[in-house]
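Each structure below appears as structure tokens.
Note that chain A is present in both complexes that follow, paired respectively with chain B and with chain C.
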Partner chain A sequence: MKPARFAYERPADLSALLDRLASAEGSVKLMAGGQSLGPMLNLRLVEPDLVLDITGIPELRRAAIEGDTLVLGACVTHADIEDGRVPDLTGGALARVAAAIAYRPVRNRGTLGGSLVHADPAADWVTSLIALGAEVELAARTGRRRLPVDAFVTGALDVALAPGEMLVSVRIPALPPGTAWGYVKHCAKIGEFAHAIGAVRIEPATGRARVVIGAIERAPLVVAEAARLFGGRIGPDFAERFDRAAADGVLREAGMTDAVDRHVHVTILARAVAQAARPAPSTRPVSEAA
Partner chain B sequence: MSTNAAPRDDRMPLALTVNGRAVTLRAEPRMHLADVLREELDLTGTHLGCEHGICGACTVLLDGEPARACLTVSGACAGADVTTIEGLDDDPIAGELRAAFNREHALQCGYCTPGMLVAARDLVLRLPDADERRIRAGLSGNLCRCTGYVGIVRAVRGVIADRRARGIAPTTGAQRGLGPVGARLGTPAEAARTPLRPVTATGTNPAPEAAAAPETAAPALEIADDFVPAHRFDQAFTVAHPPDAVFALFGDVEAVATCLPGAVLTGRPSPEMVEGALQVRIGPIAARFRGRARIFRDAPARSGRILGAGSDAGGRSATQGEIRYRVGPGEAPGTAKVDLAVGYTLKGPLAQFGRPGLVRDLAGRLGAEFAANLEARLSGAPAPPAAGLNPLRWLLAALVAPLRRRLAARGARRP
Partner chain C sequence: MSDAIPLTEGVGARLPRKEDDRLMRGRGQYVGDLRLPGLQDVAFVRSPLAHARIRAIHVPDAYRDRVFTAADLTDVQPIRAVSGLPGFKVSEQPVLARDKVRQVGELLAICLAPTRAQAEDIAAAIVLDLEELPAVHCMLAAREPGSALVHEHWGDNVFLETLVDVNFSAALDAPIKVSRTISTGRQCMAPIEGRGTVVHLDHRMDQLVVHTASQMPHIVRNGLSECLGIEQGRLRIVSPDVGGGFGYKAILLPEDVCLAWLALRVGHPVRWLEDRREHLTANANCREHHYRITAYAERDGTLRGIDCEATVDSGAYSAYPFSACLEAAQVASILPGPYDFPAYRCRTWSVATNKCPILPYRGVARTGVCFAMELILDAVAAEAGLEPWTVRERNLVRPDQMPFDNITAKHFDSGDYPQALARVLKAIDVDAVRKRQQAGEADGRRIGLGLSIYCEQAAHGTSVYSGWGIPMVPGHEQAGARLTPDGGLELRIGAHSHGQGLETTLAQVAHEILGVPVARTRLVHGDTAMTPYSTGSWGSRVMVMAGGAVAAACRELADRALRIGAHLLQADPAACRFEAGRVVGPSGDVTLAQIAHTWYRRPQDLALDVNPGGLEVTAGYKPQRDSGTFSYAAHAAVVAVDPDLGAVEILDYCIVEDGGTLVNPLVVDGQIYGGLAQGIGTALYEEVRFDARGQPLASTFADYLLPGPAEVPEPRIDHMATPSPYTQFGVKGIGEGGAIAPPAALANAINDALRPLGVALLHSPVSQHRIVAAVLAARDAATAREAA
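This part shows the complex of A and B:
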């Protein structure tokens, strides 16, 4: 349970980090809070030659609002979001997701960027940020680019980072007034990786919805033509119109053959839809919300 | 693996404030904070249980906030203020908690208690009231195998209720900089720099021990005929060639291995037995499984069975697996549908990450690649490029590892 030897460096600015990332020989892993990489190092599932600690870079530890977009640096922690140390344009939705991730000691060091890059299919940000329509900003020595989170996460533990490239920030669009939001996960034990996640972002006024089913051991499933889950039309009565059989069909089409698995995922999605139809809780949870 | 490298001292200077006392020591980068505390500073009150962030026994305060000492490598907390259970002797909240734990019989063996007290202290500070559900949720990251938690929860409730009754308000935790606790900005970068070990000659950085391991005979693993897999799944894919051609190709072990990304044969395969290795990679995990497999074919039924076993280079993760396949006609004339039934058992560290669904996803993605390569080969296209670029494969390896042959599939079915 001890990591294999690795060299360790902690650059103090981004350009030095990107240079080092591009030039280092051998295998290199970036580390932020180390709450996903740490276990893999300890189990020796990962044995990098060099660990580049990115927490010494001020730019990655900032939060800002740009227009109607919240920009969070890669090293912002779950606890930072939970406690409201960063601005919020989502009516508390981000804080509620953050507060239920793992355990408080993990949230105090675990980061938004690290979680996304690790891309465990059962991780909270992977599914919730896809539902919120967030983007990631990636940087390399040669320049920067942005990708929607659903294009960034390409599979279980697999993301669209090119060699020499890293995630520097996450761009989360505001939830406009009148937008319904629901996020529900199922864990057998609080704090463990979820067995099912449902995330919905519904605009009853425009009839648009983004419905995401997560924790399916691959990249989250974004339901195409979400209206079919609501009898073909999305309106203020979306919760009553939610069609479990249609959701079951979506999962069946996606190849989920186990009826029990489908039942669990459909139930969690139904709960997320029901939650979206209720007014958002006025108080922020202080700790893990089941 | 450290045995590859010549002995060298790669310890780096580390300055910390521990329980109010400035300390300077030298620690290897790979050493985590809990070992620094226990081994270098003799602060053995910080306990180690799981060492991967689940059990909570190693929870300490980093810059005043609870964090996992086992998941904080030494360099990552340079300059930080560390408080261990030993440093809470004079802390008023910890004092109240100790009295309450004593009163409520909130400990038995005591192994979880240091971490439990640190976590409980954080709840006492933050929770607005003594809500049992929130206390239980808040303690979910600290495992106790003696008490059943009843006494612990009662103790924490009592302390919170008492403090709130005395008019002590909860804290919000709002006043601190962004980023992981204990990770100080402005720590001199030069201090946090250690030499890279010599890079292996092979360049592409597979798991280092794998690069150094000579391709000699595979370990002689027993393959039990009556093997009962712990996990099973079915997959299928189609190939735009007739079933007979596909089945014939499956009989050519070397051809199948070429179609399987990451596979290398060691020694000459016979129709009944094959030895080899499979390099797999998913995200940051790179593993190389070596082993052997027995091959059974039933030509009239165009079906077969591959039964294999293998282990990774360190011998820490091992797998045994079985693939049954059947080649039948596809929906369109002249095409074949390959049905696979995969069963496997995985042991060791990889198994802790090897959630069955992840294995299926990997099998699906690996299978898609295999099917495409198979298709190309049957069409007379050049051999696929050597493995190494594709980022998705490992566990599948695990199961199927030893069987040079891959199988899996994807098509429309990806649970």
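This part shows the complex of A and C:
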């Protein structure tokens, strides 16, 4: 379990990185925290010709509030978010998600951008940021563009990055007062990849909701017409109205054939909805694992 | 636990382990820490298929002198671990596969390069031409006629079939008859340190020096000598610090033989360090039992008899030295556990499949046996409408029966099993648990209580193992003891520590007799050149056997010191006594250090008739009876089960343990903690599953789940201490026990929680998926019943 030979470079600024990304021949992998890429290199699941280490670029570690949007650089770590070293507009929701990612050593090095680009369906940011309505900002030598996270994540381990393009930041809209938020995951044990994730962002006042089911074998499932999970109407009593059978139907339609898997996903989604109906906790762990 | 400084350092002292100073500071010296000039690394080409004929192995021309296959190893014998039990079929485990591969991960070629990464580059460039054969992946199907054959010339897939029948038909008219199919998943042992071997040539000694992480260096020397055909004097086996063994390091691997052969061939030091993928997919497999078991009982829970058909998936080859049948054949003799009943029948099969050889893991067959027996007892309790403890109270061996020969002629040396049960019921507070259970939980989880009791035969010796007829039969254990000229003590044993704390505990044994401070006692072990022969560390035997030998050597040393001391005191030896590190005479005393100084530095002061053997002794030891010590424990677990997610939280865990006289209760607690952690893994998390082509489905720790700190509660431990009548100080072996009982205790607790839902889980691990699947199936069945 040692990597195949590769070249390693660590550009000092973003334009140098984008130039190198555009000019490099052969296969290139960007490395931030290396928490997924490291094992994949060792297992020789990837054998890039060149690894570009992006942790030396100050811009990618920046965190800022722009109006009612929180902008986090790609190399902001899970621990940065967990520990409150970056600002927050989500009432602690991001910190609670971050605090339950894997184990602390992984959170110390693992990054927000790396997790999104890796796009493991069982990872936390992929599902939670879709529910929060976040966008990614992508950069190439030729210019920049933004995509909603659900458009960026196109499948399991698959994202909409063009050749020569990279993720530079994540833009997370504020969670306004009165918005209910629930995020629950189920792991075989604490720190492991999730087997089921439920993430809900509900506005009881407007009747709008974003309901996302994660840790399935494809990109997270954004429930179209979320109201059908609540008997056709979303109001302040949304938790009581949550309909397990409707959620089960959504999963059946999505092709989840295993009844046990469906039961676990529906249970986790129900618990996320129930959590959203409770007052926001300050540091409640989000894992339901034993 | 107390922080107080122990008053004594002898037997019974709760002494912190002296080796932890280096181990906990990262200063341990493991095989992987060795640095030798000219060292090169090995990566193996392994079979990607479970069962295939080898058509060709294509080695690129550029690598011809760096790659070695079976065609090169013409002078190497296969590994043969033959059992003398009648009917045993012999497998030959090739060091490198020649005609056929019989498991995923089987070795096909050695690749040598300056670094492991480069060696893996070479391995990746080798092209295999394999003709896939149907894989034997299910031990039950493997016994059916028409199954593919792992070893064609056998005609079937059965290493060994055994039958024990003791008056079985007498049980048939019992009013209660309960049958269950109970099974345990295939596991990997997963010590923190994997296997590793570094070999170099010592031209001065004309020796091949094999540094390998081993529990039994002397047995490795036997095996290597047989495979390589070189005399034992030319082999030196060094086992440095070992980061956990659990049985995996009590095996001679083909990798070890390859490395020794390779060092002879290339002449420079070579190294193989196992990686986790190799560990999980190619080597460290264990457990995987299947039981069809029936209990016959009276309505009050008294057992009338047990009938069992047990099958063990032994994998492709008989592993050296324990053989492919130790596990299953042991099942027949140890299934009765701590219970006394009058009728018994057990048929066992050790079945060959296209999987890794099954290796003995901490508890060996006992964990599976305990799982089967304790689960069937709970089924009897449910059938009879009794509490699970009532059934156990009715059937445990009683103290007035000790010493007791059970239905399979196992000789229980001592103990009070009902008391252990009574104490654990009190500790866990069964009434409070039952009340809480009936009240229900606000969060919808269900509470359950589970019990499990086992006995552990340990340090069983010649009389037991000669019957198995495997390549290794333990005899007398020997130890060396030498006083240094300044009064320190060196002990030598042929067994090896792989984390048990022997450097501390054997020094305590010596201290009990000689009074030398533990800090001034050094244990020399893990090197065939410096230690007496021993079968090594396995079977929870070291404290009984090496401890007994150290005591014997120290007693002889004390006697010799007494005679020298008496001469120095100008007293009659009969008027002197040895006490706390000094010889005390009628009119004065002299210290061991003074006696040592005299022997080594001032021999002119010695008596003319002094024992010329001096202050260095090798002594041998065997207990009065070598049928083994019987330690035992009662475990009780309280769990909360989430029936919708299958999540299990251990709310409380109590252990009442009787290991006889404890040399160091702190070390014993540590053994129990570690064993419990492994038992929780067996119970809830760990499993390597295989697909129909014999492919292992867990190749990393993302797939093979081990319990972590959050999953392992701190148990409450209560020690009983019934000495063994047969051993030095009355000690009993306790090394494996912690891992034996937890799977049964936890499965019983989960089933106790879910019984009202009509759920019974009889396979370990009781994974979350299995729990949810069983709950849903029970709900569907209930719905169907209502509809009908």
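Going forward, the second predicted complex is superposed on the first by the 282 of 290 C-alpha atoms of A that agree within 3 Å, B and C clash if a C-alpha of one lies under 4 Å from a C-alpha of the other, contacts with A are read in each partner's own complex, and residues count from 1 in each chain.
Simple rule for what comes next: a contact is a pair of C-beta atoms (placed from the backbone, for glycine too) under 8 Å apart; a residue touches a chain by one contact, two chains touch by 3 or more.
Note that the structure is predicted; figures quoted are calculated from it, not measured.
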{"item": "First (chain B), second (chain C), both or neither touched by A:R278", "value": "neither"}
{"item": "Partner chain in contact with A:H186 - chain B first, chain C second, else both or neither", "value": "second"}
{"item": "Chain B versus chain C, judged by how many residues of chain A each one touches", "value": "B"}
{"item": "Which superposed partner A:R146 touches (first chain B, second chain C, both, neither)", "value": "neither"}
{"item": "Which superposed partner A:G155 touches (first chain B, second chain C, both, neither)", "value": "first"}
{"item": "Partner chain in contact with A:V264 - chain B first, chain C second, else both or neither", "value": "second"}
{"item": "Partner chain(s) touched by A:R44 [first = chain B, second = chain C, both, neither]", "value": "both"}
{"item": "Touching partner for A:M1 - first (chain B), second (chain C), both, neither", "value": "both"}
{"item": "Those residues of chain A which chain B touches in one complex and chain C touches in the other", "value": "1-5, 39, 43-44, 189-191, 288-290"}
{"item": "Interface residues, chain B side, partner chain A - complex", "value": "1-2, 5, 10, 12, 28-32, 35, 48, 51-53, 56, 59, 62, 65-68, 70-73, 75-76, 78, 119, 122-123, 126-128, 133-134, 136-138, 140-142, 170, 172-174, 176-183, 185-187, 189, 192-197, 199-200, 205, 207-209, 234, 282-287, 314, 316, 349-350, 352-353, 355-358, 360-362, 364-365, 391-392, 412-415"}
{"item": "Sites on chain A touched by chain B in the complex", "value": "1-12, 16, 24-27, 29, 31-35, 37-51, 53, 55-56, 58, 60-63, 73, 75-77, 79-80, 83-86, 102-106, 108-111, 118-119, 121, 155-159, 189-191, 216-218, 254-258, 261, 286-290"}
{"item": "Chain A contact footprint on chain C (complex, rising order)", "value": "115-117, 120-121, 124, 275-277, 642, 644-649, 685, 700, 702, 705, 707-708, 710-711, 767-769, 772-773, 776"}
{"item": "Chain C contact footprint on chain A (complex, rising order)", "value": "1-5, 39, 43-44, 186, 188-193, 195, 259-260, 263-264, 267-268, 288-290"}
